[in-house]
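Okay, handing you the structure first.
Chain nomenclature is as follows: A, B, C and D, assigned in order of appearance, with residue numbering initiated at 1 for each chain independently.
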Amino acid sequence: MAVSLKVDLNCDLGESFGRYTLGEDAEMMKWITSANIACGFHAGDPTVMARTVALAKANGVAVGAHPGYPDLQGFGRRQLELSGEDIGQMICYQLGALEAITRVAGLRLAHVKLHGALYNLAASDSMIARVVSEVVYAFDSALILVGLAGSELTRAGEAVGLRVAQEGFPDRAYLPNGQLMPRSQPGAVITEPGEVAQNVLRLVQEGVPVNGERVRVDTLCLHGDNPNAIRNVLEVRRALERCGTIIAPLCEIVLG
Amino acid sequence: MAVSLKVDLNCDLGESFGRYTLGEDAEMMKWITSANIACGFHAGDPTVMARTVALAKANGVAVGAHPGYPDLQGFGRRQLELSGEDIGQMICYQLGALEAITRVAGLRLAHVKLHGALYNLAASDSMIARVVSEVVYAFDSALILVGLAGSELTRAGEAVGLRVAQEGFPDRAYLPNGQLMPRSQPGAVITEPGEVAQNVLRLVQEGVPVNGERVRVDTLCLHGDNPNAIRNVLEVRRALERCGTIIAPLCEIVLG
Amino acid sequence: MAVSLKVDLNCDLGESFGRYTLGEDAEMMKWITSANIACGFHAGDPTVMARTVALAKANGVAVGAHPGYPDLQGFGRRQLELSGEDIGQMICYQLGALEAITRVAGLRLAHVKLHGALYNLAASDSMIARVVSEVVYAFDSALILVGLAGSELTRAGEAVGLRVAQEGFPDRAYLPNGQLMPRSQPGAVITEPGEVAQNVLRLVQEGVPVNGERVRVDTLCLHGDNPNAIRNVLEVRRALERCGTIIAPLCEIVLG
Amino acid sequence: MAVSLKVDLNCDLGESFGRYTLGEDAEMMKWITSANIACGFHAGDPTVMARTVALAKANGVAVGAHPGYPDLQGFGRRQLELSGEDIGQMICYQLGALEAITRVAGLRLAHVKLHGALYNLAASDSMIARVVSEVVYAFDSALILVGLAGSELTRAGEAVGLRVAQEGFPDRAYLPNGQLMPRSQPGAVITEPGEVAQNVLRLVQEGVPVNGERVRVDTLCLHGDNPNAIRNVLEVRRALERCGTIIAPLCEIVLG
């Protein structure tokens, strides 16, 4: 069985950079329980990070690190051929950078979620999944590792002893092996609000099918960078309330 | 009185970047007590940082963060007009990044020293000196703040409650107010080994004259990126031994 | 006398970068005669540049290069301490980059206008003004150099033999020496549409006062990156029409 | 038949960046006929580019553009997933940047050769090969396109009407399809000088085997960034002289 009685709502935030503004962070913060904050490689800069952490604090939202490839122009969505060593150190670097800003703000880092092409790589490549899990554990073994439900990353995270959150995407189409359909394919991104709401229900009530098995979903990813972001998140919350699923932060869902 | 019975020897290391190699880090590590490791903004990258930390660990050298301007092309030596907020967050970011890599390597971050144009700005601008001191203290109040002897930064560091190390430069000419002569001026950089050795003795025995007063020197800055780097550091060590000054890490010199 | 019977309307465009969108380029192109296109250092990327050039072509707008400091995070608005050699080569690089994209699109580069902090530096520093003018002339002596009316740059441009366009800013306050009041000072940026329209009239009918003398204005700078951008440009056009000033591209105003 | 009576010697130069120095450019320039100059994306900066062009001019060496991925840390050797549009515009940008600096120095750009991972992609991907060939032709149809002998790129270059130079690598192992063995595989890079000299002879006398057919070699790639660079190039020149092959610039080899 893969029913989620409680689910966390996470969103990628802090994606502005210098003069460039992206996303409706202030509004999204009111409706989510976990903020994945960009760490300055694919998006964000130190000042944006600090302001986003402050916003999370003011709204009582848990702060997580959202490391990505060093590729601002591609927004971390373009695959880049890095060695395992480079990936491990690059993630460690970004974890520390955000942890420092979070610490100075008087908060604790709660979770880690990789971004974009790096997220996809770690979901499907077991070697990279292990490298990522090991560096997160070595940095702070109390962090919750968020990864694609039923993926190599959540498997590797559990293997090294991390608490792991299985993530579901209500606005993305899935492949039969549980991987996300690439954004380049038609139908990969679901924009119709009603369909998104239905996916939310299926994800929390049935989990994600991964090669025939069903994996529970601990957290739902919401997107904050499209014109309907706020309407969508309200729709998702309503759908959850209707079916009696409680919205709660990861630390109440993924126990040690 | 400004006599230093003990002095630390520090050097900027980890300044390589990707394919580009700079400095004789492996050799310098044998002769110094404190390594200031570049944090990826003016030099260094995450993998270089990790390798440099490992090298410091192998040689029993204390690891410090060496934050600089985000200016790889200018090597952090070009003044860049940043707000106080941007400077504070940018330093916090770099502190955290290196701290993460140091923590994963099983070490503790011991000190902080700013780099290049940022070092000079914080030495002379009291507002920036306060911003820097406050962010270092908020990040980790146990860190030792290394600054130009008798400068605004060491004054501000003491004011916020940090342990502070007064730094002297045996291969640089000083202005009467204790600031370093800019590199662009003739005679600013001293290359003659005999003269450098003499300066070492004067710095530890008499301190640095700052507007007529003498400020003690806790640590000497050695440079690792010139062809005579190793010969120079051996010369400096010999000069210190001859006059009976003990070479010791900062934590034994700058007490709480 | 400093009456402008004809005036060019220029706007900084192509300031998006990767995932980040800035400005209402498609709309602004309908109302201006000259587009200053960012060259990838302070804003813009190669693909954005090509799309902006295509937009200019479709609207019959003259294309100019808009080189800036290599500082995306600061949007080229932060002063950066560069040598004259570095500034000259960096401008040459950006001119060539945009010229290539313009050439492939079947257009000719018409003018050059520096951006942000680099614009201000060249307006007031005669050495830099000469370096800039010489590199522009050596690259393409047919280019029109746009600079702050009555500044060091327009003086230096004329001295090396370039055609020069004197620029006025209807939404900025001036200092008595003809320099712009820094954005950091209160009142530096004028947002009230009526006041902007009045300034337009004064600029074209009386020119800019520079140390007591009046300098004619060949081109007016409009800003495309604020919420009222389109309304403002329409207001400016109406004000010009009311007073009988003809809006024309630079090549019809600044003759050889 | 694939005999080369004349051959060009090319080398990647201008790979320094800011404070970082790479390669023995001044020495290599004495012995080669074509310099491929990095354009600031994977290596080089505007000032380095200008100095390298001046060095080529002083030595009578032909100047070519050497565009690469925007990845300084990976030195352009890491595959990066870009769209065809992004690749085309990014190459156009770099061509223009170097052309501007070359023009201001009083020279003409002679050829184009892609760098690293981008070189390999264009050698094997026919869609990218076409995009590259088309943008080079649109920018300047007189440029010589240098590509891996018998590859998709040289085929596409000829198809659009460019003069094409077939390149051979005496210090690299080949796969049966004419592609280079990836650097990550053992034996991919040949360091033994005697073996390199033998490869030179085979390349000019027999050409490169590509799927059973032999493709002539117009230019040999020499590497300038290893400790034996100068010794190797002298060895190569001696081997060519012994077998009567004339060393000549590309423009004398690849006729219109």
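Convention: a contact is a pair of C-beta atoms (placed from the backbone, for glycine too) under 8 Å apart; a residue touches a chain by one contact, two chains touch by 3 or more.
As the structure is a prediction and not an experimental result, all values here were calculated from the model.
J.: If you take the chains that touch chain A and keep only those that also touch chain D, what is left?
T.: Both-contact set = B, C.
J.: Count the touching C-beta pairs: is C-D or A-C ahead?
T.: When A-C is set beside C-D, the one with more contacts is C-D.
J.: Can you compute the centre-to-centre distance for chain C and chain D, using the mean CA position of each chain? Integer Å is fine.
T.: Chain centres of chain C and chain D, defined by C-alpha means, are spaced 38 Å apart.
J.: Using mean CA coordinates as chain centres, what's the chain A-chain C distance in Å?
T.: So the centre of chain A lies 42 Å away from the centre of chain C.
J.: Going by the touch rule set out above, which residues of chain B reach two or more other chains?
T.: As it turns out, chain B has residues touching two or more other chains at 73-74.
J.: Across the complex, what residues on chain A touch chain B?
T.: 40, 46-47, 49-50, 85-86, 89-90, 92-101, 103-104, 135, 138-139
J.: Sort out for me which residues of chain B touch chain C in the complex.
T.: 70-71, 73-74, 78-82, 117
J.: Show me the residue ranges of chain A that touch chain C in the complex, using the header's touch definition.
T.: So the residues of chain A touching chain C come out as 17-20, 22, 43, 45, 72-75.
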